[in-house]
Amino acid sequence: VIAVLDREAPASVRAAVVQAIEAAGCAAVVSEADGECRVAAFGEGAAALAPLVSTLPGVREVRPAVPLAAREQHPEGTRVRFGDVEIGGPVVPIIAGPCSVEDREQILAVARAVRGAGASALRGGAYKPRTSPYAFQGLGEAGLELLAEARAATGLPVVTEVLAPEDVARVAATADMLQIGARNMQNFALLRAAGEQAKPVLLKRGLAATLDELLDAAEYILAAGNPNVVLCERGVRTFGQHARNTFDVAAIPALKLRTHLPVIADPSHAAGRRDLVPALARAALAAGADALLIEVHPAPERARSDGPQSLTPAAFAALMVELARVAAAVGKRLA
Amino acid sequence: VIAVLDREAPASVRAAVVQAIEAAGCAAVVSEADGECRVAAFGEGAAALAPLVSTLPGVREVRPAVPLAAREQHPEGTRVRFGDVEIGGPVVPIIAGPCSVEDREQILAVARAVRGAGASALRGGAYKPRTSPYAFQGLGEAGLELLAEARAATGLPVVTEVLAPEDVARVAATADMLQIGARNMQNFALLRAAGEQAKPVLLKRGLAATLDELLDAAEYILAAGNPNVVLCERGVRTFGQHARNTFDVAAIPALKLRTHLPVIADPSHAAGRRDLVPALARAALAAGADALLIEVHPAPERARSDGPQSLTPAAFAALMVELARVAAAVGKRLA
Amino acid sequence: VIAVLDREAPASVRAAVVQAIEAAGCAAVVSEADGECRVAAFGEGAAALAPLVSTLPGVREVRPAVPLAAREQHPEGTRVRFGDVEIGGPVVPIIAGPCSVEDREQILAVARAVRGAGASALRGGAYKPRTSPYAFQGLGEAGLELLAEARAATGLPVVTEVLAPEDVARVAATADMLQIGARNMQNFALLRAAGEQAKPVLLKRGLAATLDELLDAAEYILAAGNPNVVLCERGVRTFGQHARNTFDVAAIPALKLRTHLPVIADPSHAAGRRDLVPALARAALAAGADALLIEVHPAPERARSDGPQSLTPAAFAALMVELARVAAAVGKRLA
Amino acid sequence: VIAVLDREAPASVRAAVVQAIEAAGCAAVVSEADGECRVAAFGEGAAALAPLVSTLPGVREVRPAVPLAAREQHPEGTRVRFGDVEIGGPVVPIIAGPCSVEDREQILAVARAVRGAGASALRGGAYKPRTSPYAFQGLGEAGLELLAEARAATGLPVVTEVLAPEDVARVAATADMLQIGARNMQNFALLRAAGEQAKPVLLKRGLAATLDELLDAAEYILAAGNPNVVLCERGVRTFGQHARNTFDVAAIPALKLRTHLPVIADPSHAAGRRDLVPALARAALAAGADALLIEVHPAPERARSDGPQSLTPAAFAALMVELARVAAAVGKRLA
């Protein structure tokens, strides 16, 4: 384990940490980097020192020598499975569906349409995080039931968002994969709750999150016992005005260098306008994305949320043809 | 009420909304602005139409004609009281204390020091939102008890953060004002829970939140029944490297033009380094802040969190002298 | 033409503009949009009214009804030629070379290597914009001579940067295409000078430029008489830390919807680290880039500038194989 | 001097630099920091080694051990004088005037009004950097003559912008202080030209410039021989929408810790709307600004540029009363 001290910690504070480690029969090595003072403990029993060391004055953090999310943990990469879908291998699943589950007809129509076009899984929100308290907040439990019905009708496994720790069990009872949205990336109670259940978790990058922070958020889930986490780039907030968010395509290869977890992309939320979605979807695949989340609605102009960025089923089918070619160009294939 | 439709909504969708409003005996006015199509309902019973209209196809949102947070609701401005402190009037309270409650000795020492220097309230975290799961997460309930003890010892009312809906009741039982942090600004379940209890809420602006989003977040609390919300500018995330966050001092007057809620500032989190805190604190007061949150620690180099941005008690006392002068220059005074 | 008035302009100011237009026998139409008040003049002789109208009080700008850069001007898209290279057609030229021309051996080695790997043109800086006055500022005229020699040796046309209006003629005498860098995107004297000479101009997007501003900068060159402008996305500055800049891949399709000018990408400057360059290059092609600028150096660890983002010749050759596949996937091909 | 090497530079490259320094009879010290490898030369004649060392392979930059802009050069702070105005001392000059010089009547009216309200100097643009080539570009030389006339009429010294190296002599013949605008902060040819003439230079921070880059830009002017540089914070570009730019008030104290040059602020360009200008002006003074630039126009609704952010003379006079109080609160005074 590594104890991180305040960079201004006086010699006496550092000495106390070293002494505690050595008193337990371990070796202590002090170093300074990235504006931190670190005291690493090595030897038998070092990992067990964490609770003790974390209570010493001046110790800001005690972390494992190698984070659970670090690529060194699984250099070959982790594959996350839900239903019969696998993310992280040579087959690139496309996860498609509406922003919100609106009614039975809508979700069944979308599910059939996206399955027909080659999608591997269904996305759809039953609990919706909305900027305004007056906006449509999703159908809640009724939405979960409709998702289950759409799964039964099409065989597509279901990805849906969970917003609060107290909803995790209920959503996990239906969903094949839980989604934690961008606004909740640092909702630590929710991350812990998602880590304490068994369904895989799709964790979206926050609007202003660095990759360090995204990996730390994943670490909350991993440290709570759930090894199946998928990271998702969905655009960040900048001064740009031509898209809803700035799609940070470089985050895909940069994350894959650092973590063994699969990295996927959501070109729909990044673009915010459907005329940019195909280009961003192709770019994400070309940059190495392990899967894509794409919003599809049978009648976008009637959608209760995110209509402007939703593709029609026909546009989605056309995009799937393009994506198959790009996947092949980078040595992968669609399902 | 105003029904907001998708900007691409066809004429038939608009007509259906108009028809529903008119069928209830109200007048409907259609307009387009800010990329939205809006149908406003006027007349007796218009407010009661919200549930009905919100279920119509193409309706993305039904909101009040004037949001609860809008200045028009209370042109003279709202004053929020907790303990014997008032925020929003001519007296500018300074809320000071450590980032985290660390132990009995520390919190009592800080409480006495800041009271001695003229602070009006005590801040201190018992539940801490930490980027890494391995960092010190706060003392939890034991921290709340220590805060209560510090209050008893000094008379200072207490502001402390709540991280999850399930903790709201427990924290509210001790705190005089609940804080919702920047990372949770769009944790809507938490906002609702804070709106359903009686203690005032200090709501911090998210790292990449627009003022519209901050006001919408406040609207969640107000719409849930709690009228006592204080907004806090604490810096936003930009490309800048000389401070932890970019202190957006213009947000203070811009918010005050739009809302009747008090607007305060947290120069400590904005700066991230103590040598900038005094200048930012003075600037915030000069720009019209109704109160300040300032981190103080008896031994910053031993702090378990945010040491680099914490002032020593002596530096805080010196700053209070400066702040008294600036407050007077803008027609206010310290407590 | 369209006269843009201050949005606060009183009725008398608007009336004076209308009167001036009508007095010249043209029709005037007043509208408000995007926070502007606009008075459009239609009819014979309307275009000739610009000088007159621009002198009226309250008139902030007189612009053509359709900007020269707008796609409506050439819906089929413009192809820009330099040497035997064409940008904007089905063949995607790869423009490669070092950041700076350092010496004869270096530039000849790179030129031969990139030609051998399939590059269509050579890039290299003789005049370098450097953040610090103490950094290597380029070889200047001697650099231009070495570029000419490399062109003679390989047949590759040359793209090189110009920094100041007074250097335009000298650089244009050697270069096949002039580059205006990100820092100079709003150096209006330089834009005009580049517009008044005949060589094509590669215009890079500024670090914090919106697409409107980039198109306005191109408009300076076009309005000065030079129709051959190529726009280049090279990353923008955000809070991100994993790359030198945030590569805004959505700018490529968003620009192509708005302008007939070719749009290319510089993944090397966006990435700032060579391990991300291949993914960004593939993503740019997949998103529709008409050409790529890639930095290659025979010995990056000895480079006088931008070494960390330069590919070795071997890595560049490997990348060309990948790019050929991605180009084919989007219906294009490398030279 | 310090030679900066590529961080990947091999041992042989480092050794060659050390050898060159030692061969000249100086001592060489190698260190690594901030991702750089640095070789410092000490001893008699070290400064004269710059030209030789800068030509060695792998050397990216040779810089003075202490930059000319660093506070260590003049710990007590530099005062810059123009006309009878001094920036950097206990008196805070307010520099006011219109964005553009529009006509004789306008500039004389403004000059008299701002002098009457207590301004110390007159600002006004004769050469205007405009985003669009069709916008009003300023009166040019005629504008300079009107500024001279306004100075003669009021005694106020004049600050005006210069856009291109070839205009420096002409503008410097009239102006008492040259302004280099945000868009030209890294127009290095212009910085050098401003450094080679004698008038003081007001250098504005670029829209996305770090403080390091601003100080490096100032270093270009200082290194060219002009010691009289004033830095100006005028807002940076972020995701924020409530103001034209995000006023980075923390840049003022952060710069003053690092440099001996005076630091001033331009609340008008930061705000972009006049209702925020007073609060930002007060905040800037409270944070330690050495002077302010404020836009004033006798009829903002008729202004040819920046009308929405210009104060009327009456509003400016009212603001001066507020500013006098804030200046006093921080131990300074207005002229």
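By letter and in written order, the chains are A, B, C and D; residue numbering begins at 1 in each of them.
One rule holds in what follows: a contact is a pair of C-beta atoms (placed from the backbone, for glycine too) under 8 Å apart; a residue touches a chain by one contact, two chains touch by 3 or more.
Every value quoted in this text rests on a predicted model; they were computed, and no experiment measured them.
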**OP:** Check B-C against C-D and say which one is joined by more contacting C-beta pairs.
**Re:** C-D
**OP:** Look at all chain centres (mean of CA atoms) and spot the one farthest from the centre of chain B.
**Re:** C
Original post:
Using mean CA coordinates as chain centres, what's the chain B-chain C distance in Å?
Top reply: 44
Original post:
Which whole number of Å gives the spacing of the CA centres of chain A and chain C?
Top reply: 35
**OP:** Could you give the separation in Å between the centres of chain C and chain D, each centre being the mean of its C-alpha atoms?
**Re:** 28
Subject >> Residue numbers of chain B (touch at least two other chains) >> reply: 208, 212, 236-239
Original post:
Which chain B residues qualify as touching chain D in the complex?
Top reply: 208, 210-212, 236, 238-243, 246-254, 257, 270-271, 275-276, 278-280, 282-288, 322, 325-326, 328-330
**OP:** Spell out the part of chain C that touches chain B in their complex, as residue ranges.
**Re:** 237-239
Subject >> chain C-facing residues of chain D, complex >> reply: 6-10, 13, 50, 54, 57-64, 129-136, 163-167, 183-184, 186-190, 206-208, 212-213, 216, 219-220, 223-224, 236-237, 300-305, 307-308
